[in-house]
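Got a structure for you, questions after.
Which chain is which? They are A, B, C and D, in the order written, and residues in each are numbered from 1.
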């Protein structure tokens, strides 16, 4: 039976990896602590659900979900990043938290706060090996996130855009002096994070077949833990951190029961923050001391 | 800075003025609703049921020749607001009693306040065991989970349905679910000679229960006793379907949502629960459901079928009308304190009061005793298995 | 001859292999007014940071009136009588000028009592009185109730001096005090510094304005690429070929 | 005093005390997301000593503050090794740990919550809130306010003038925990019931948000923030869910256009915009 539990752990971990990457990308590259990401995750899913509920054809609803995620992310950039660029990350943390609460209450007001069943677009979104069940949603989510990690590493190392982004992550002032259009790159980052996080929300809904206005909170908190444990700013760190938390959660539930899950995970997070704030893989993308 | 503080003080006075003074000839009742916040999907429609009851009472001549006047206050499901609601109803509106609050967490804060102010309250959906026992002025028009799930077990036995081995799955961070999982189910399983195997736990807001279901699958039991709110029941049923685990879920009132079979979308087949209302039971319940559905559509609410909490709220209004009649209440401001005590006395000895969906009695703890409808999910609808009196 | 107010012996500092200060030694006698000059990037501000402990020395010793201070934590060095100003203004803009100055005597506040007095409401007694008198010394008392952030550059520069004086230092390190001042303001400042020096305060000043140095200092040390290349009166160092080369480069002949 | 206003005023008192618990770390540039955790420690301590040991109300409050302060002092060493957003994450983890612990300790009722016998009425919370406000406003006039503002603006310079940065951070962390515990005690004894699910990290977050709106650079900031956070939803009472949307939109507007909050000594007055742009280009 353990194989199924490990599969469950990996599948659960892949959700945290997906959102963890979004967090670590935006902190690592433009030093902006974006706590509104869990809301973008939820907005993608809830928009798609609402449209499907009204009878919109599936592909259109899914694309609309992505668009809403992007627009919401752009709003955060316009209102917060544009005005606060350069100010300390503490203010960006507080500002993005306010956006998280705004988006959640907006959705609660329009679509209600209770949990909805996401229609099963594919009859059985799972693959079965003997009695082992593997969720296809998470599998593609995991595949996409690994693809993205390779893609992003390649982009950062070998392309001009990547070089510009790395310059920006070192210091926005010098990047501007060097003639890099920082604003355009930052906007591109926010669009990428919006698209990517909303996609995460859709994959989650396809697999767990459930959405709610507050779904972002539970996943967001654990994804932040994954980012930190892996190493703030390191994309591979988010992958390692996410998987570790997934497995840890599954084993803790198996051994001690669900009520100790929060204690175990956040105790590990606190320990790591104190002993090794740069996380398991260290802030590869950017010097963590600066934050 | 100065102008700012005076600005805020002005707005405070405006907020106070909104509470209209009680006119002499009305009997005032407070209605504590959770229109925003976590319970909104269950509470949204309580207002319709209570309005229907009050209109019915006032149309048939009111109580002792006086009309019932309702003061509504939205607590948003927040315990602090529920306590503020009670002190407002008691001190500002001179209410004779309070319909609500809705949830256990709100009751735990509102009942002590009601006790101090000596104003009766009848909770709509609170099911935490022994909650109202220490409060003379705290009543609950909901049945404790032990009686509900007991009836479910009785129905399974009578119908000879397979129930030799059982597991328990309950949420750890919701007081009612934890009570069901730890204090209600184990003794019942023993009483009915069912071999209890593993207990699995989950957080009610957790989105992934695959681990727990894999543990249940390993036990291959006949039934799973469930202590959890509707959302978690939905998640568990869907995961059981995904991992192809064939088992019958049994649960209490937290999972009693008329829309649950539709939301299960094929999962949770043969899930059995007990509830204090079944729409299609008899003529009076059918006509109530139809009238309710019209108003729900008019109000643009997605769910048009009344849930048991709507019926509980409707019954509470009716109970108040009855006890106020028995205590021949006048509603004069000077008499309000004495009349609240009289109402409390009448409520304490309320026995077999006939109302919609059966007769209501309040036991010594202040909880309701009324018929329990045991039903199971077949396809996308609830099917009635039997009616049991606790 | 009493021990020098400040003495550096063989002080070195390098950042990641780049040697910024190399074997610098000099001493400043009690009550003396010494200028530390050199082209940009010569390591002048780094020397100040080494003296005040912003970062540790890699080698060498720093002593103040015969007491070794390079091992003291930066927080304790001000108790050894060393106060400083900064090249770019580092005041607290949202606080009144008088509060910024009061911060200067922070090192003299021991225990809990100094933190209990409501100095803002007590009008002119205790800390506020002393701060106002220090401001008066450099003729800035008219700004005491204004926010430090809203004042012109020159004024803010001098408020930093007042803050440093508040700590009752024996030696005052001034980092380009005349920068941003016009001729008249610079003359006024040097008149004030002369008065303080006559009252026994030792001054070590980083400055590019040679006229200001000439008016004020009797002894000058020249740094270039982290090394001391000359020392002496201003007239002597003007004739020193090494100094001329450092500033205007070697002639082509 | 109407029943309605009485309840709202007690909520205002609790929000003000909690606001000062969030204000202190903010006044030296730290985000402490563990406020709700220490509020829980205060609430449960006060409830236990009054329920089980028969302590009077005032002793319940003091033991709540004492226990929370000691807990903060013990945990301070590891937690304060982190800075900036790491400190925010560390205190957020701390908050979740404390909440989950209370959720699982059966002695205090675990998930079922814990009833509180001793009722405080409205005078006690009003008195405690008034005393806390007076103390904080008084501290605004002392040297402490100068040191805190200086540590917030420039730790290096403060250190050079003799400020012991580590000690200031420790004192702020412990006092903030004590204030949060006081808020917890007031909550416990007025609402007569406490449950661990109430003290989530989102309670810490909303507290910090309304203090930021009120202003983190003046001792009046938390009071103004608490007034707005308590009364705005009441004014929008009939607009249902919209009141939360409007409230969070208001916070975003402040953070984007006036991050220093309503009550801000500088930049204030007509020249502020110019001064701010000068400040920004520094």
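Methods note: a residue touches a chain if its C-beta (ideal position, glycine included) is under 8 Å from a C-beta of that chain, and two chains touch if they have at least 3 such contacts.
Only a predicted model underlies this, so the values are computations on that prediction, with no experimental measurement involved.
Common neighbours of chain C and chain D, by the contact definition above: there are none.
Placing every chain at the mean of its C-alpha atoms, the farthest one from chain C is found to be B. One inter-chain figure worth recording: chain B and chain D are separated by 35 Å, centre to centre, where each centre is the mean of the chain's CA atoms.
A separation of 74 Å divides the Cα centre of chain B from that of chain C. Computed from the mean C-alpha positions, the centre of chain A lies at a distance of 50 Å from the centre of chain C. In chain B, the residues touching two or more other chains are 36, 172-173. In chain A, the residues that reach two or more other chains under the touch definition are 108, 217, 259, 262.
Residue positions 103-104, 111, 240-241, 244 of chain D each touch two or more of the other chains. You'll find the chains touch as A-B, A-D, B-D, C-D. Residues of chain A touching chain D in their complex: 27, 33, 79-80, 83-84, 86-91, 93-95, 97-99, 101-102, 105-106, 108-109, 217, 221, 224-225, 228, 232, 259-260, 262-263, 266-267, 269-270, 273-274, 277, 291. Note for the complex: chain B touches chain A at residues 36-38, 40-41, 172-173, 200-203, 205-208, 210-212, 214-215, 217-218, 230-231, 234-235, 238, 242-244, 263-265, 302.
Looking at the complex, you find that chain D touches chain A at residues 29, 31, 78-79, 81-82, 84-86, 88-90, 92-94, 96-97, 99-101, 103-104, 111, 201-202, 205-206, 208-209, 212, 240-242, 244-245, 248-249, 251-252, 255-257, 259, 280.
Those residues of chain D that touch chain B in the complex are listed here as 2-8, 11, 103-104, 110-113, 115, 119, 187, 190-193, 195-198, 220, 224, 227-228, 231, 234-235, 237, 240-241, 243-244, 262-263. Within the complex formed with chain B, the residues of chain A that make contact are 1, 4-5, 8-9, 11-12, 15, 108, 112-117, 119-120, 126, 131, 133, 135, 204, 208-210, 212, 214-215, 217-219, 249-250, 253-254, 257-259, 261-262.
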